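A, B and C are the chain letters, set down in written order, and residue numbers restart from 1 in every chain.
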Amino acid sequence: MATASETSVVPTHNESATKWWTRFLDPSERTLAVLLLAPAALLLALIIVYPVCRLVWTSFQNLSLTSGVPAEFAGLENYRLMLDDPVFWETTWNTVLITLITVPGALFVGLAMALMANLPFKTKWPVRLSLLIPWALPLSFAGLIFAWFFHSEYGVVNDVLRRLGFEGVIWFNSANWAFAAICLTIIWKTSSFMALIILAGLQTIPRSLYEAAEVDGAGRMRQFFEITLPLLKPAIVVALIFRTITALQTFDIPFTMTRGGPGTSTATLAMYIHQNTVDFLDLGYGSALAVVMFALSMCVTAVYLRMIRAKG
Amino acid sequence: MNAEAPTQHSFLSGTPLRILVGLILVVNGMFPALWILFTSLKTEAELTAKPITWLPHAPTIANYLRAFTDQPLLLFLFNSFMVAILSTALTLFISVLAAYALARLQLRARDLILSAIIAVSTFPLVTLLVPLFEIMRALNLLNTWVALILPYTVLSLPVCTLILVSFFEGIPRDLENSAMIDGCTRIGALFKVVVPLSAPGVFTAGILAFVNAWDEFLLALSFNSNPMLRTLPVGITLYQGEFAFPWPVISAALVVGIVPVAVLIVIFQERVVSGLTSGGIKG
Amino acid sequence: MSLPKTLTWLLAGAALSLTASAAMAQQTNLRVFVSSQHRPDVWRKAFDMYEAKNPNVKVTIETGGNTSEAQAQYLNTVMTAKDTSLDVMILDVIRPAQYAAAGWTVPFNDVLGNNAEAAMKQYLPAYAEANTVDGKVVALPAFADAMFLYYRKDLLEKHGVKPPTTWDELTAAAKKVMDAEKDPNLQGLSFQGKAIEGAVCTFLLPYWSMGKNLVSNGKLSFDKDAAVKSFKLWKDFVDQGVAKKNIAEVATDDTRKEFQAGNVLFAVNWSYAWGQFQGGESAVKDKVGVVKLPAVAGGQPASCLGGWEWGVSAYSNNKTEAQKFVQYLSSPETSEFMAINAALLPAFADKYTDPDVTKAVPWFAEAKPVVETAKARPVTPRYNEVSEIIRTSVNAVLAGTTTPEQAADQMEGRLRRVLR
């Protein structure tokens, strides 16, 4: 790729060739765009538009199946109820906290993992495999496995602590320790998602750039901050967008590790939504909570998209 | 791309340090999987031993025998594999087209379309479950692979499209132009030049789509109640009782579920992707 | 199956079902949802017997997930979508009231005749309570379950201790044996402190034993003193070293595993544990005894009712046939058949001592007095909310993040909002 990018386009046909992509929205281009986007649009329309519309509509309804009262339009009643719902605020706060801790956590660990995995190892597969495995371990089972690791008696973590001469910790007896255990698990599970995307980005950085920097006498740190990081930015932003959205939706790991305990101190918004829709059958309220989560995610996404655009 | 990664990236040189770094990576990634592997060779009684044991005292394959005989594990694997591979192929095809449009064509509504695609992944699945079920029933797709393939494709479409957009944007346009001058159509240039040059990105998108489909539980549980169509994540829960949670057998089933995927992805990476990449450079 | 193949199958299936429905106009097809852990193979035999007697009825089985949670997850989707594919479904005992309120099941009063109450009298009394909402019989019992006190017969005999009848006696017995055994791995008592459904029973056992009810006639009848005492009872076990410090992370199967490994003297658990304790891998085979759960001093012993019920879907196209079928499934004969062939506890008191049953599963004779003390968890459409409040409170008290008094206060406030 490095050599290829330096080849210039043959000048004879240049005029007609550059015409199509410099001209703004040429009609054939519009047709092409429609054609290329059509499969995605059709599939999304078929699968997701109806459920999402239904969800939003339900959120304006008083629809609790256990109340025995038929569904009726309630306007913003469900949204108003949220304001005085302490569990909503607690779970939202927990979710935001998990997001604030695990997204940067996964970014740093993932970046480090990707840089390490990009080292020229002679046999590559063990390193690649260890990048993949955390991602490939089913989420709910990852929660169960880590609940076991953090178990006060049968857990590996306390076993190691004891071997090193420390007291074991009863992780799930304290809100803070339980929270820490959950965040560590999420970072472990999701940093490989970040690493996979960043590693792919690293592999497309032309070597020639580093060679040129070397000639200019730039040190490795400078190369990292002036070449690697800027060129990785698009990949990092994409990874961040989806990591943040999934962090806001955190469900399986706290659900399987603590059930939100002790008490409700580690319950997340997604757990509360699940509870309202599946356990309590309060579909109206559950939908309203989901819409709030959507709004939250879109706000964050807007910020990230601005970051992409800032690139120019 | 450059399978021989540039040494310039590394702050570290020298073999011992490099081995240490590799070890950290491997231990971090593999430990839980290894733990599951060891557990699958233990008896349940050994799990309650104090202090805990790391390596199995008396390794047994009884758990694997039970995993294969108690439930049709191979059938679960087969269903999961087919659903995952088909939805990955569909996801990649659709998202390559969409990503190309978003990366290369001058679209006034680009940001709007991007946001709309991202918005798809911001709703918790559980709240969309009932209407999705109704759609699948209306299409007469309940209890088919398609009932899972379509939604899995939708689930992975946003992340795959965005990854590909970011990769396509990094490919110099001149390369595409020269291919078109050589007589390629635009779509031809997309598949002959842009996609191969973005091989690491396509591969990553593929892995994400595959694993998303491989791990999904909620839809698989709700749409395919026919035991012949059960996928692995639903199947593994069948080793549980209402209360009983036999870790050794479940571990054995998990190992059987993880190993083929891991091996497949690594082989694919080493053989196919490296091949694609070098081919792309030559082309 | 490839994509085109699937489509072909679909078309073929559609064509088949069209011709089939014309040919079998009188044939009734009943689709029954059974949990795959409750011996669907043996239920199949019971269904076959029904088909033999009723040639116009054909029964097919649909097996669902193994945990109560996975089943609820699946059924909730199917029922919210008003799906007609299921006619009969097996429900965890805590669900019939919710399903009836949601309009997902039809009551049996019509087929039970004028005297539904009398019809329900044949079952263990707690089952009549669990399946009746506002005078309507919303489901019929499939089989029973309850919480038992398992104990180490060998250790109690060795130290000359009798199985306890009160929680105080249990504390004393546990301390005596633990002091004498000096085994650091031996716990006095194991119960469920994780925020799971089992923790609701944990709270209710002593609460009921004090003669209090949480819900009476659909209204909250919360007794705060009793609640505080119940929390204190469990917390004291932890503080006195009878139960483990990490009891807040113990789920039902942890109790079972540790007892089975020989590390527990007394354990509170469901009936499934018995079979596992007597299994080949068990360290306590033939060393296990089972008795009623202890009472509080001056109270009555109480156990927590489990078990599963049959409900008929409101969206079924064959409700009448389905109801008849459920009556058969919930009959003493089927109950006996399932007890003998699948070791499922009967919902009829006299079946526990039936000679055929005790021959197949001798321990049922010991289970009878326990099952008779079992009480139903609050029967309300909003049970899941009640459960959530109780289980998180129990968990927080046992983890030590709130005091019994605080927990009871908060619990009362939250329960009042749910059950006005």
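Here, a residue touches a chain if its C-beta (ideal position, glycine included) is under 8 Å from a C-beta of that chain, and two chains touch if they have at least 3 such contacts.
Chain labels with UniProt names: A = Carbohydrate ABC transporter membrane protein 1 (CUT1 family); B = Carbohydrate ABC transporter membrane protein 2 (CUT1 family); C = Carbohydrate ABC transporter substrate-binding protein (CUT1 family).
None of these values were measured; they are calculated from a predicted model.
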Original post:
Given which chains touch which, is the overall layout a line, a ring, a star, complete, or other?
Top reply: complete
Subject >> Most extensive contact between chains (C-beta pair count) >> reply: A-B
Subject >> Centre-of-Cα separation between chain C and chain A, whole angstrom >> reply: 39
Original post:
Can you give the whole-Å distance between the Cα centres of chain A and chain B?
Top reply: 15
**OP:** Any chance you could list the residues of chain B touching two or more other chains?
**Re:** 47-48, 50
Original post:
chain A: which residues touch two or more other chains?
Top reply: 153, 278
**OP:** Enumerate the residues of chain C that touch no fewer than two other chains.
**Re:** 73, 80
Subject >> Touch list for chain A against partner chain C, complex >> reply: 65-68, 147, 151-153, 170-175, 258-265, 275, 278-281, 283
Original post:
Where on chain C is chain A touching in the complex?
Top reply: 72-73, 76, 80, 98, 101-103, 194-196, 244-246, 248-249, 381-382, 384-385, 388, 391-393, 395-396, 399-402
**OP:** Show which residues of chain C lie in contact with chain B when the two form their complex.
**Re:** 1, 3, 6, 9-10, 14, 35-37, 62-68, 70, 73-74, 77-78, 80-81, 83, 185, 198, 251-253, 256-258, 260-261, 263, 269-270, 272-273, 276, 281, 283
Original post:
Considering the complex alone, what residue numbers of chain A touch chain B?
Top reply: 1-5, 7-10, 13, 17-18, 21, 24-25, 29, 32-33, 36-37, 39-40, 43-44, 46-48, 50-52, 54-55, 113, 115-121, 124-142, 145-146, 148-149, 153-156, 159, 162, 188, 192-193, 196-197, 199-205, 207, 210-211, 213-214, 220-221, 223-224, 228, 231, 234-235, 237-238, 241-242, 245, 248-249, 251, 270, 273-274, 277-278, 286-287, 290, 293-294, 297-298, 301-302, 305, 309
Subject >> Of all residues in chain B, those that touch chain A in their complex >> reply: 1-12, 18, 21-22, 24-30, 32-33, 35-36, 47-48, 50-52, 54, 93-95, 97-98, 100-102, 104-108, 111, 113-124, 126-128, 131-132, 135, 150-151, 153-154, 157-159, 161-163, 165-167, 169-170, 172-175, 177-178, 180-181, 186, 197-198, 200-201, 203-204, 207-208, 211, 214-215, 217, 233, 236, 247, 250, 254, 257-258, 261-262, 265-266, 269-270, 280-281
